[in-house]
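Pasting the structures in now, so scroll down.
Heads up, the next two complexes both have chain A, just with different partners, chain B and then chain C.
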Partner chain A sequence: MAKKTNLYIIVVGCGRLGSKIAGNLSNKGHSVVVVDKHEDSFEHLSQEFTGFSIVGNATEIESLKKAKIDKADMVLAFTNNDNINYMVSQVAKEVYNTPHVVARIYNPDNVPLFKQINVKVIIPMLLAESDFQRTFEEIIGE
Partner chain B sequence: MAYKSYLKVQYKTILGSLGWMFMGFALILLLPVIFCIFYPEEFSNAIYFVEAAAVSFLLGYVLWFFFGKGSQSSKLTIHEGAIIIFFVWLGAVFFSALPFVFSNMLNFSHAIFESTSGWTTTGLTLVHEERISKLFLVWRSLMQYFGGAGFAIIMLSSIGGGVSSSVYTAEGRMDNLQPHIKKSAKIILVIYFSYAVAGVIAYILAGMAPFDAFNHALTALATGGFSTSHSSIGGFNSIPVEIITIVLMTLGTTGFGIHYLLWSGDFRQLRKNVEPWTYLFILLLFIPLIIGGVFGSIYTSLNESIRHGVFQAVSALTGTGFSTTDLTVWNHYPLFLLTLLMIFGGMMDSTSGGLKLFRIFVIFKAIWIEIQKFFLPKGTVRYASASKGNIEYEIDSTLLKNILIFSTLYFLNYVIGVSVLVAHGNDLMKSAFEYASALSTVGLSLGITSTSAPDAVIWVQTIGMFLGRLEFIVILYAIAKLARDFKQYLQSSR
Partner chain C sequence: MKIILAGGRRITYNLAKLLISKGSNVIVINKDKAFCDEMAREIKALIIHGDASKIEILQRAEIFENDIILALTPQDEDNLIISQLCKRVLKVMNVYTLVNDPENVEVFNRLGIENVISMTEMLSGLIEQRVSSKLTNIMSFEKGKGLVLQLTVEEDFPANGVMLKDLGLPKGSIVGAITRNEELIVPHGESLLKPGDRLAIMCKPSVQTETVKIISGKD
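The block that comes next holds the complex of A and B.
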């Protein structure tokens, strides 16, 4: 893929991860829209973030429509609930044909489900595991 | 001690960025010099602008030299944004006043008044338009044009980056058109520029000289009101010119969010916007009243009454301040109606001042809901909202609280300002009119604003225009933060 400097990215879930990533992407010059159920969550956002923030439940199609999901180049499903992330990914992939969807999932058992609909996944548990492996090797190697 | 060093880094960043901006401001001050190409005979006046630019650049360079170098790591939040925007505006007003002082046209207080009136897009003036150099006329129009867009927009589209986005919200702009602030700023600038070009062309087609067309297009769109003719738009005595001006004033008073919806063809969302409807409603309500007030007593023909009534009403509501007729001969009743229109002001995120139509709509809707609630069963929850641009705002206690604070500050200032004017021996009606004109950055005048006015009157109006343009709160924040930080600094150094 040719490197585009201005992508339209929707971040669903504005927790610690979502807000951090939204800020980084916005700082890089991308158009970022954040969707979260609670207005208070937007306080996580840093000053770098200059995009839109929409209060809405991501399981309701209206919230995603408000975020103009039909125009999105990328959807990031970063809520703290695997089921919601799956649903958002599915809507993005299958209803709106969003080119790139990335989901964060807690339970590694769910990975095949996401792979089925061609969604890229980030699994904190596995990341932590491999990180631990490395730390362990370092300690042993000394 | 840790806090002290934190403050030092913070203020280093603030002063450093101010240095950058003042150096950049020198470029704006040099713009009128370009007009020497068209008017070579004006060359002798160009020196005043070059001098002012030199002062701006040198001061900026000194600030940058001492504070701007090295680490800029400190993240800028809305707090620093408020201080930056406060000083950028103070600096802009000060540097813009210099050419008037250097040329001995106005004394210092009067020059500051004139440049504040320019940058705040007010249009009250202390110069005689037909007796000053063309370069100064252009400079007055440019001040209003840039002042209408605001510094945040100009900075974002030219430099972008961290400082500008903290300034964006601080300057009272909420009109995010696109999910990226830099793009929004560019769109606003494109819209604003295209309207100006269209305005110049329309005026020329209506028979104006290109120089007048250029100046009036800029100041009408900025809802500024500086003219090149001493009797304002009335000096042209042409109905097409007046109609074009009304259109440009309306475009200027329309929020950029609404323009963007119009440009992108989103008519469904556009229809939901409450402000254009409020604008129309208020005009349709007030214009007949004003016409009724002037017909018979001031103008004998109905046509004259309609022509002047409509123009003055639009000029007052949009906060422009052009006039087609001598208002000093009007009676109290139509003048009072115009005062009300001036207090109402234009739409949010536009170039107008005043209470703003969005706030007025929300207040009345809230009253309506309260009445309805009276008849509903206990515990009923009602959702009420008002749309502005592409965002639908829920009418909740936070929104109402902000409106309450804003209107209280507005009227507090209004009462103080009017008292000062009355205390200096002015008529109450005239004072109420003149101060509403300053505080809502309109620019219609009944003659209190003149070079023979006492300095206190000039300064209270200057402060009114400044507060009105920046919507009070950011200035209060900035001053409060400065005072607080200064106190903390002293305490921690002990």
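The block that comes next holds the complex of A and C.
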């Protein structure tokens, strides 16, 4: 990525992961906007979060427009629904030409579809699997 | 050729019944077990219980490129992924997608899904036309590039007693037929419009409002 110190980042989905990442990025000095359809989820945000929050359903283009998606350097699709994350990712990539899009997905079968639209993916299942592998090696190595 | 109905409830049930009665080979995919059981009792179709937004479920339907698939779930994001899996992975050519949010029609078009149907937009369009003018019927063709409007001439219409050539209809709008006393007339420029004439107008959507206004004097 070109060195730009302050990025405009939209985080869709303010669950445990979304809120944590939004806090971290905000703390590093980036401009962060979080979008979630439940207002309660913003309670997950930590003190260090200084960005904006928008209540809205990310599958309605209106909510993404409110978050100024056309200006975003990065969009993180972190809801707990793969299909919503796919829709948000594809809209960001193909309608708004967002330079960087990262999605969290639960079902590894969906990876090719995300790769096809040039979206980076985080798959908790595979992360846990490799983590376990390492732990397992450690245990028997002892 | 098969027709696959993915998701949806009453619309799926009724559509499946209609299509089967016309001799189509229908497959229903639905994640609601109770609904699947009901469908299996009521209709003669292959019923697959599962989430159609998962590729392995779609693969069970053995969909071929020339099959037709309709994404009918109540969630736009589910319909998007079903459509994309069918188009991009299974290479199905005929994909029809239902959306709830009318703004998603354009969004989906831009994401490469051509046949998008918004019930909201269709219904609100119908209501607007009923409320705002004397339009009795409307039909679109060529994916909405052309419209056929039906309009009945009334006493107080500016078009009453005027020849077609003097109406000043915009470019892209033509009166194709007049029904007068149950008889169909194919008109020419000299045809004089009379009260009770039912006009069949073919026009582009861009000049629909102007056309209706010229004939009826109302928006």
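Here is the rule we use: the second predicted complex is superposed on the first by the 142 of 142 C-alpha atoms of A that agree within 3 Å, B and C clash if a C-alpha of one lies under 4 Å from a C-alpha of the other, contacts with A are read in each partner's own complex, and residues count from 1 in each chain.
Just so it is clear, a residue touches a chain if its C-beta (ideal position, glycine included) is under 8 Å from a C-beta of that chain, and two chains touch if they have at least 3 such contacts.
Computed from a predicted structure; not experimentally measured.
Once both complexes are superposed on chain A, the partners chain B and chain C fit side by side without clashing. Applying the stated contact rule after C-alpha superposition, one finds that A:F52 touches chain B and leaves chain C untouched. Contacts of A:Y86 after superposition: chain C is touched, whereas chain B is not reached.
Once the two complexes are overlaid on the shared chain, A:F78 sits clear of chain B and of chain C alike. In the superposed model, A:Y8 lies in contact with chain B only, and not with chain C.
Comparing chain B with chain C, more residues of chain A are touched by C.
In the superposition on chain A, A:I61 contacts chain C only, with no contact to chain B. When the shared chain is aligned, chain B comes close enough to touch A:S31, but chain C does not. By the touch criterion defined above, A:F114 reaches neither chain B nor chain C.
Minimum Cα separation between chain B and chain C in the superposed model: 19 Å. Those residues of chain A that touch chain C in the complex are listed here as 59-62, 81-84, 86-87, 90-91, 94-95, 107, 109-110, 112-113, 116. Here chain B touches chain A in the complex through residues 75-78, 162, 165-166, 168, 176, 178-183, going by the rule given at the top.
Those residues of chain C that touch chain A in the complex are listed here as 53-56, 75-78, 80-81, 84-85, 88-89, 101, 103-104, 107, 110-112. The touching residues of chain A, counted against chain B in their complex, run 6, 8, 26, 29-33, 46-48, 50-52.
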